[in-house]
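Shared between the two complexes below is chain A, which pairs with chain B and chain C, respectively.
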Partner chain A sequence: MKSLLVEVCIGTSCHLLGAQDLLQAIEEFVPENQAKLDIRGVTCLKTCGRGPNVRIDGQVFTNVTPDYLIAVIQSYLLQEEELLCPK
Partner chain B sequence: MSQVTEVVKIRRKVLSEIARMAFAGNLKENVEEILQTVVTETGPRYRCCVHKERAVLKDRVNLALCQPINTSLAISAENALNMEFADIPIVSVLPEACDQCPIDKFMVTDACRNCVAHHCINSCARKAIMVVNNKAYIDQSKCVECGLCKKSCPYCAIIEISRPCERACDLEAINAGADRRAVIDYNKCVECGACKTACPFGAIGDRSVIVQLIQMLKNSDKHIYAILAPAFIGQFGLKVRPGQVMKAVKELGFYEVHEVAFGADITTIEETKEFAATVPAERAFMTTSCCPAFVGMVEKHMPEMLEQVSSTVSPMIATGRWIKNNDPNALVVFVGPCIAKKAEAKKYPDDIDYVLTFEEMTAMLVGAGINVSEVEDDGYQTIASRDGNAFARAGGLVQAVVDATAQMAPDVVVKPHRSEGLSNCKAALRQIKDGKIDANFFEGMACFGGCVGGPGTLSDYRVTSRLVDNHANTAKITASPENNTAVEEIKKGDNWHHGH
Partner chain C sequence: MVLLHAEVGLSQLSKTGEELCGDNVEVVRTPTDTIIVISDGLGSGVKANILATLTTKIAASMLKRGIPLEDVVDTITATLPVCKQRKIAYSTLHIIKITSDGLATVVEFDCPSTFLKRSNHVIVFPTMEKVVGGKVIREGQLVLQEDDIIVAVSDGVIHAGIGGLLKLGWGWQGIAQQLAGETAKIIDAESLSKQVIRCCQGYYLDKAGDDSTVVSVKIRRPLHLTILTGPPADRSYDQKVVRRFLHQPGKKAIAGGTTANIVSRVTNRPLTVNLDYHDPDIPPTGRIEGIDLVTEGVLTLNAAVDRLRSATMWNQQDGASQLARMMLEADQINIIAGSAVNPAHQNPNFPVQINIKSQVLNQLLTVLKGKGKQVSIEWV
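Showing the complex of A and B:
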């Protein structure tokens, strides 16, 4: 299965607005899901000032909070599962 | 600061926006815009209405411009741009932001079952508890807040409420005023910043001088030096290298950027000399003098202990003096994790010109459009010792002085003890004095974790403490007395002490 690409901006503007809390939330995310994720730190997603920003599978999300990030990742993973084994 | 809450985000956005406008040269024209951009009509709402939020925000902007709370923003901006610093306290309560939290200390919750035994009523010597609507009720006019009812209830139905600011303050310097808004007693406050971190409404803030500094960086022909406290390691996350931070800060317009860890070596050497000369001959024990909130606590709350405090200047002052000794045209800006340093710098106007927290410095970087993670690493190698770098975390100072003593005065016995948190420091000092703790050298740190746990930091101290140690181990020399540049600097003149 292709892993889900999650790019967390760790640029200074996003860092100031809490990017580290997002990385920590992903770290604490259930381990069996960790393998399905490809977590990368990027230096800028060109949406500074509305941070912290995250790009998931090519789509940029702004003003991301830890809870919101986990919810979005979960919905992506769920979609992928349904594609693999349709109900 | 471990978590970036909404309150923290708003504060940081205000600082970044102000810095951005100050760098762009349009602060005076556009300052009112902050009220529209940081709080939007459609954005998340935390208070009753958008007007209340903007009123709070106006207080924040004034504080960030170092102007009195009720000034109109256009005037505040103009004053700040004209290098005016209002004589406002370093730490103050934003009256509009304070939610006037309840002051009743004990409250009966819905867990009360109106039981038959009524331990609460029986336990209350003041007869302040009665049953109303099938539930215990505390008559607040009679309650003396002894807490016996809380202890007596088998359902734990009576809870004790304390205001976060009051609970955070180890020195009882913040209390509810007549209108229930928090009021700081400046005779007791040592500017540690614990209340600022604790208040979930963000109602306590420290004054900022970023606009005045940006003006200097843009217009002054002085050599403006930034000196970074050793705790700067790790503030920008795991991936950002110290060399990137040094270079990024320089790009703000500083003449040179130096480490305060160098001054920490001077402090260590001088403090070790002082220790060897005075303990136990003149005093039974000596305490450190680096943490300004700790020193402030001794000054304001235990003046009888002042004689025990080292007279050696802090690494910040030592670094400032070192730079100014070598460059008469220098202005020195200290950047650190600490709010109390703003108060310390006021006492030493000849050595330190401005103080910023890491948070303020980062807001300046954002405002200037500098992304530290994209700045090239200039491969910076620390010029301080390992021990000087380790000052950033709790225990670093003890280690430095023990190592220095082993080299400089091997016959002297150091029996160290250390504490973090002001009330722990206070208790430990008393115990050492009474002989209950066998120690002759005491390291006092107001913040948990030491400087890396300060209120002006950007990263969790448990992470940064580790990174500080990793960085310290890259130093080419181990103990402070091996730092020849520092030793030479000390030889130039004996001005590394102060009287209290």
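Showing the complex of A and C:
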């Protein structure tokens, strides 16, 4: 199975706005899910004013909180994309 | 022409029972010259220290401004306070000036002759007597080569062990023999000075009878470091600035996420980020092939300034410590600073220092100059 690419911005703004909490939340995420994730750091996602920012599978999410991030990752993993794009 | 760097290493020993050393050393670096002034004040302790410090400070600040030697010697003899018991104002004066093309000028007034070490041979640095301001001084000039070492000592080193372990003391020849045994290519100036002082301490049987100072100056090629921080104000300069950065000699560091992205884009080399937080206050480092260090920008630079100012030892692995270590290892540091402003950094909730990059770079400049580095900042 292809792993889900999660890119966490660790640039100055995102660092100050809590990027480290996001990485910690991913670390504490259920271990069996860890294998399904490809976690990477990036230095800027060009939306510094709305950080912390995360790019998941190519889509940029802004103002991300740890709980929100885990929910998004879970929904991706469960392929519940309709939750992310409510009609 | 190959430009040379004078690496200065100092080691001192105070007379037993004294907290302050009566010898003083002042090192001044200008864009082209390294000037070292050594002085041994009359007596020991506070009084000697004041005399020696006055001498070195006056001489160094005058020489830095290019004032002729005659005036320097005249000023020092006219300014030093007079000793109440001996009714004289006195301290020795030893000046070593080395230009970036290797021309060394040595001036000695009442101090032991300077040692010149080339490979395994040690000789007296050639000087001639000259009368300046009514005082007899010795002055000499010589063009030095890479790996040559000049060593200046105070008389406390010459007399080490006198009347005790050695009847007549260690002596100039004894020190010369010790210096000759060291491999010039391997040993650095600091280690050489420390080694001579350790021997000196040994001959004194750990009870130094006089203040002892050893200053070694090793001539070598300078170690360069170029730091690129911040994108240029005009995006159209990105490629030009990155190309110039990559063509700089020596080590290269990038401080800034966006800057790292630009370098990665221009060079077509991927940027990978290491997600280990060695210090929660400092964002992690990155990696680009061919670049020695990639860090975040302003937070890391601020922390690096703090590390450099700190008197305690630091050996952490975070980006700021690595950057600070790299700066300490270099002799000439060139900072290429982009003047683009990141509007997101103007957030009033962020620490105030991140808004003013020029301020942190000026602080960095001051602290590095204080450590004897030749630093330049170029805004793009």
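In this section, the second predicted complex is superposed on the first by the 79 of 87 C-alpha atoms of A that agree within 3 Å, B and C clash if a C-alpha of one lies under 4 Å from a C-alpha of the other, contacts with A are read in each partner's own complex, and residues count from 1 in each chain.
One rule holds in what follows: contacts are C-beta pairs under 8 Å (C-beta built on N, C-alpha and C of every residue); 3 or more make two chains touch, one makes a residue touch a chain.
Treat the numbers as computed from the prediction; the structure is a model and nothing was measured.
Of the two partner chains placed around the shared chain by superposition, chain C is the only one that A:I39 touches, whereas chain B remains out of contact. In the overlay built on the shared chain, the residue A:Q59 is in contact with neither chain B nor chain C.
Of the two partner chains placed by the overlay, chain B and chain C both lie in contact with A:I10.
Of the two partner chains placed around the shared chain by superposition, chain B and chain C are both touched by A:Q20. In the superposition on the C-alpha atoms of chain A, the part of chain A touched by chain B in one complex and by chain C in the other spans residues 10-13, 15-16, 19-20, 23, 41, 43-44, 48-49. Every residue of chain C that touches chain A in the complex is listed here, in rising order: 257-258, 260-261, 271-275, 277, 280, 283-284, 286, 296-299, 342-345, 347, 350-351, 354.
By the touch rule above, chain A contacts chain C in their complex via residues 8, 10-13, 15-16, 19-20, 23, 39-44, 48-49, 51. Against chain A, the residues of chain B that register as touching in their complex are 3-4, 8-9, 12-13, 16, 236-237, 239-240, 248, 359, 362-363, 365-366, 370-374, 458-460.
By the touch criterion stated above, chain A contacts chain B in their complex at residues 10-13, 15-21, 23, 41, 43-44, 48-49.
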